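Paired with chain B in one complex and with chain C in the other, chain A is shared by the two complexes that follow.
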Partner chain A sequence: MKLESGFVPVALSSHIEPGTSTGAVVEQAELVVWRDNSGKVHVWEDRCPHRGMRLSFGFVRGDHIACLYHGWQFDTGGQCRHIPAHPDLEVPQTIKVPIYRAEEKLGIVWATTASDAELADITMASDLAGLRSLYVDCSLEHALAGLAVHGFATAGENAGTLTVDGVPLFIALQVVGPQNTALHISVPGAQGADISKRLARWAEALRFALESPELAGMEVA
Partner chain B sequence: MQQADERRVLSLEAARFTFRGQIDCESFAEFARHRAARLDIEIMVGDCDPTAATLSVRGQEALVDMFEMACSLGPYDCVVLDVERRAIA
Partner chain C sequence: MADLVLYNYELDENSYRVRLALGMLGLDYETVAVDMFPGQEHRRPKMLALNPAGTMPVLTDGDLVLSGTSAILLTLAKVYNAVGSLLPSDARAFGEVVKWLGFSETLLAPAVDARLKSLFDTPGDAPALKAAARKAFRIMDDHMTSRHFDGQEWFVGNGPTLADIALFPSFALSRDFVVGHEEYPALRRWIRRFRTLKGFRTMPGIPDYH
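Let's turn to the complex of A and B:
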C-alpha cells in the first residue's frame, strides 16, 4: 500500500525516542521518521534539498532536524531555517522538505500523503506498546498468507490481530518493496520479560518460516 | 532591523555564468530553472549549444554561490568541465 492510498505503518512508536531520527521505506519511497524533543513524531521525504543527503542520518535539536552533511536546519513544517555556512542568509521559503501526515495509534507510527485519509477505527481491549518490527524478505501477499495460518484476523488495510500464548497481538504490515515487508507488532501494556521473550522468539520463527517456504510445514512454536 | 535590511540588500548579486562541457541544452536549462526556483533566485537562460550554456541569475549572494555549485555538477546527462562567472549590473 502506497503512502498516497492511506495511512501506512512506518515504525513502532517506542522505537522513535525524543530527539532521534530513523529511516523507513514504503514501496521504495524513502522516509525520515523523527521525534522532536516535545515528543511529536514527524514523517518526511528522506532527502535534504541541498545535496540530497538522507535526513534520517541527521540530528535532532529541539524542534529542528539538521542534515548531517552541511547542517542545514529544518523546522517542524519542513522549512529550512538556518544554513550554518551562511548564518546571515535570509533563507528563502522555497527551500523546504516535503512533509507527510503522521499519526500514532496502537503503538505504531502511521504516515500518509493523502490529505483526506483517516486512520482505521481499530480498538483493542487495552493500550498497546510496541514489541518488535520484523523485516521479512517476502511479498506482502506471502506475509499475509503466512499470518493467516496462525488465525490472523484482518482489521483495516494490511493490519489485524492474532493471539499467541494467550496474548493478543496487533500486527500492521508495511510494504518496503516487492519482496520486502515489515511487520510492526504491538501488544497490550507492559508484558513481563518472560512473555516478551517468548513473543520475540515466536516472531523470529515466523520470519524464518515466511522466508523459507520449503520449511513452511514446520510449526511455529 | 535596519542593519539587517542593509545587509540583505548589499548581499544581492547578479551574475552571468557560462557552463562549458557536454551540454544537453533542454535538460540543462530545465535543471538550472529547477535549482533557481528552489533557491528563489531570478534566472534567464541565454545562448546554449552542445558545448556551452549561458545563464544570468540574480539573488542573494550565498544563494547564487549555491546555484553555481549545483549547476557545476549539472544533470546526469550533462558533463560540466568548466564554469565561467562574471558579475553583471
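Let's turn to the complex of A and C:
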C-alpha cells in the first residue's frame, strides 16, 4: 500500500526511542521517522529543503530535528526555526518540510499522506508491544503467500494475525520496494526473554524460507 | 611504559578501530600519517620494513611492532586493560569476544572492501561486496535483537568489549557504500549506546552531533 492510499506501518514504536530518528522507505519514498523528547512520534518526507540532505541522518534536540549537513532545525510542524549560518534571521514560513500524519497503534508506528484515511480499527485481546521488524528480500505478494502457509488471518490491508507457540502475533507488512518487504511483528506485552527469543528465531526462519527460491516445503522451526 | 606510535590513515576504518581502542583506554600516542590513498605508502618500502604484509594500521609500543587489527586490539587490551573489561578472562566471554573479532576480519571484510571500492575505486565487485556486507549486518542485528530481549546492550557480557570496538566501524560507516541503517533496528540502538562511551571519537563519515 502506498502512503497516499492509507496508513502504512513504518517501524515498531519501541524502535524509535525518544530523541532519535531513523529512515524508512515505503515503495521507494524516503521518510524520516523521529520521536521528540516529549515522546511524540513524527513522520516526514526525508529531505531537508536546503540541500536535499536526508533528515534521518540528522539528530533530534528536544522538540527539533536538525539536519546533519548545515544544522538547520525544524520544529514538530516541519517549520524551519533556526539556521546556524544566520542565527539572527527570522526564518521565512516557506521553509518547511512536508509532514505526514503519524499514529501509534498495536506497538507500531503508522503513517499516511492521505488527509481522510483512517487507521484500520483492529482490536486485539491485549495491548501489544513490538517484538521485531523483519526485513525480507522478497515481494509483498511472496511474503503474504508465505504467511498464508502458516494460517495468517488478515486484519486490515497488509496486516493480520498468526499464532506461534501459542502466542498470537500481529504482523503488519510494509512494501519497501518491489523485492523488499518489512514485517513489523508485535505480541501481547510482557513476554519473557526466552519466549521472545524463540519467537525471534521463528521470525528468522520465516525470513530464510521467504528468501528461498521456492515456498514449497517451507519448514519453519 | 606507554610509548605508542600509530601508523595511521584517517579514512581507514581499521586505523579507526585502533584509534577507538586507544581512546577508550585513555592512552596517549603519537600518530604517523600514512597516505594509503592515493599514495599507497602502506605498500612502499618504508612501511613494508615495519609490516611486510602491507596492511594498516601498524602500532609500535617500544620495540614491539604489531600489525593486524585484531592482534593490535588484543594486545592493547592485555597490556593496558588490567581490569579485563575489554577482553574478559572468563572462558565463555573470552571465546565470544574472539569469535566476533574473527567475524570482523572475515564476514565483515566485504563491508571494509565495499567502502574502499566506493571511496577509492579499489578492485572488487561492488554489488557482491554490498550483498555480503548486508548479510553480515543481518547476523549482527539478529544477535543484538536477541541480546536486547535479555536486557543486554553489548555484543558480549554486560559491558562494552573488543567485540563492540571491532564491529562498530563497518556498520557506522555503511552509508559510505550506500547501505542504510533502516533494516537494522537493533544495531541502530547499539551504535547510539556505543557513541556515548567514554573515550569515543568520530571519524569522517561518522558525524559529530553538535
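Assorted remarks:
Convention: the second predicted complex is superposed on the first by the 217 of 221 C-alpha atoms of A that agree within 3 Å, B and C clash if a C-alpha of one lies under 4 Å from a C-alpha of the other, contacts with A are read in each partner's own complex, and residues count from 1 in each chain.
In this section, a contact is a pair of C-beta atoms (placed from the backbone, for glycine too) under 8 Å apart; a residue touches a chain by one contact, two chains touch by 3 or more.
Treat the numbers as computed from the prediction; the structure is a model and nothing was measured.
With chain A as the common reference, the superposed partners chain B and chain C fit together side by side. Looking at the shared chain after the overlay, A:L173 reaches neither chain B nor chain C. Once the two complexes are laid over each other on the shared chain, residue contacts for A:Q93 go to chain B alone; chain C is not touched.
By the touch criterion defined above, A:P49 lies against chain B but remains apart from chain C after alignment on the C-alpha atoms of chain A. In the superposition on chain A, contact is made by A:E204 with chain C only, not with chain B.
Touch criterion not met for A:I65: it reaches neither chain B nor chain C. By the touch criterion stated above, A:V25 is placed in contact with chain C alone, chain B being left untouched. Contacts of A:H15 after superposition on the shared chain: chain C is touched, whereas chain B is not. The angle formed at chain A by the C-alpha centres of chain B and chain C is 80 degrees to the nearest 10. Counting the residues of chain A that each partner touches, chain B and chain C differ, and the larger count belongs to C. Of all C-alpha pairs spanning chain B and chain C in the superposed arrangement, the closest lie 21 Å apart.
Chain A residues in contact with chain B (one complex) as well as with chain C (other complex) do not exist. Residue ranges of chain B in contact with chain A, taken from their complex: 4, 7-8, 11, 37-40, 60, 62-63, 66.
Only residues 11-12, 15, 17, 20, 22-25, 57, 59, 68, 71, 132-133, 135, 176, 182, 193, 196-197, 200, 204 of chain A touch chain C when the two sit together in their complex. The residues of chain A lying in touch with chain B in their complex are 49-50, 83, 85-86, 88-90, 92-95.
Contact residues of chain C toward chain A in the complex are 142, 145-146, 149-151, 175, 180-183, 185-186, 188-189, 192, 207, 209-210.
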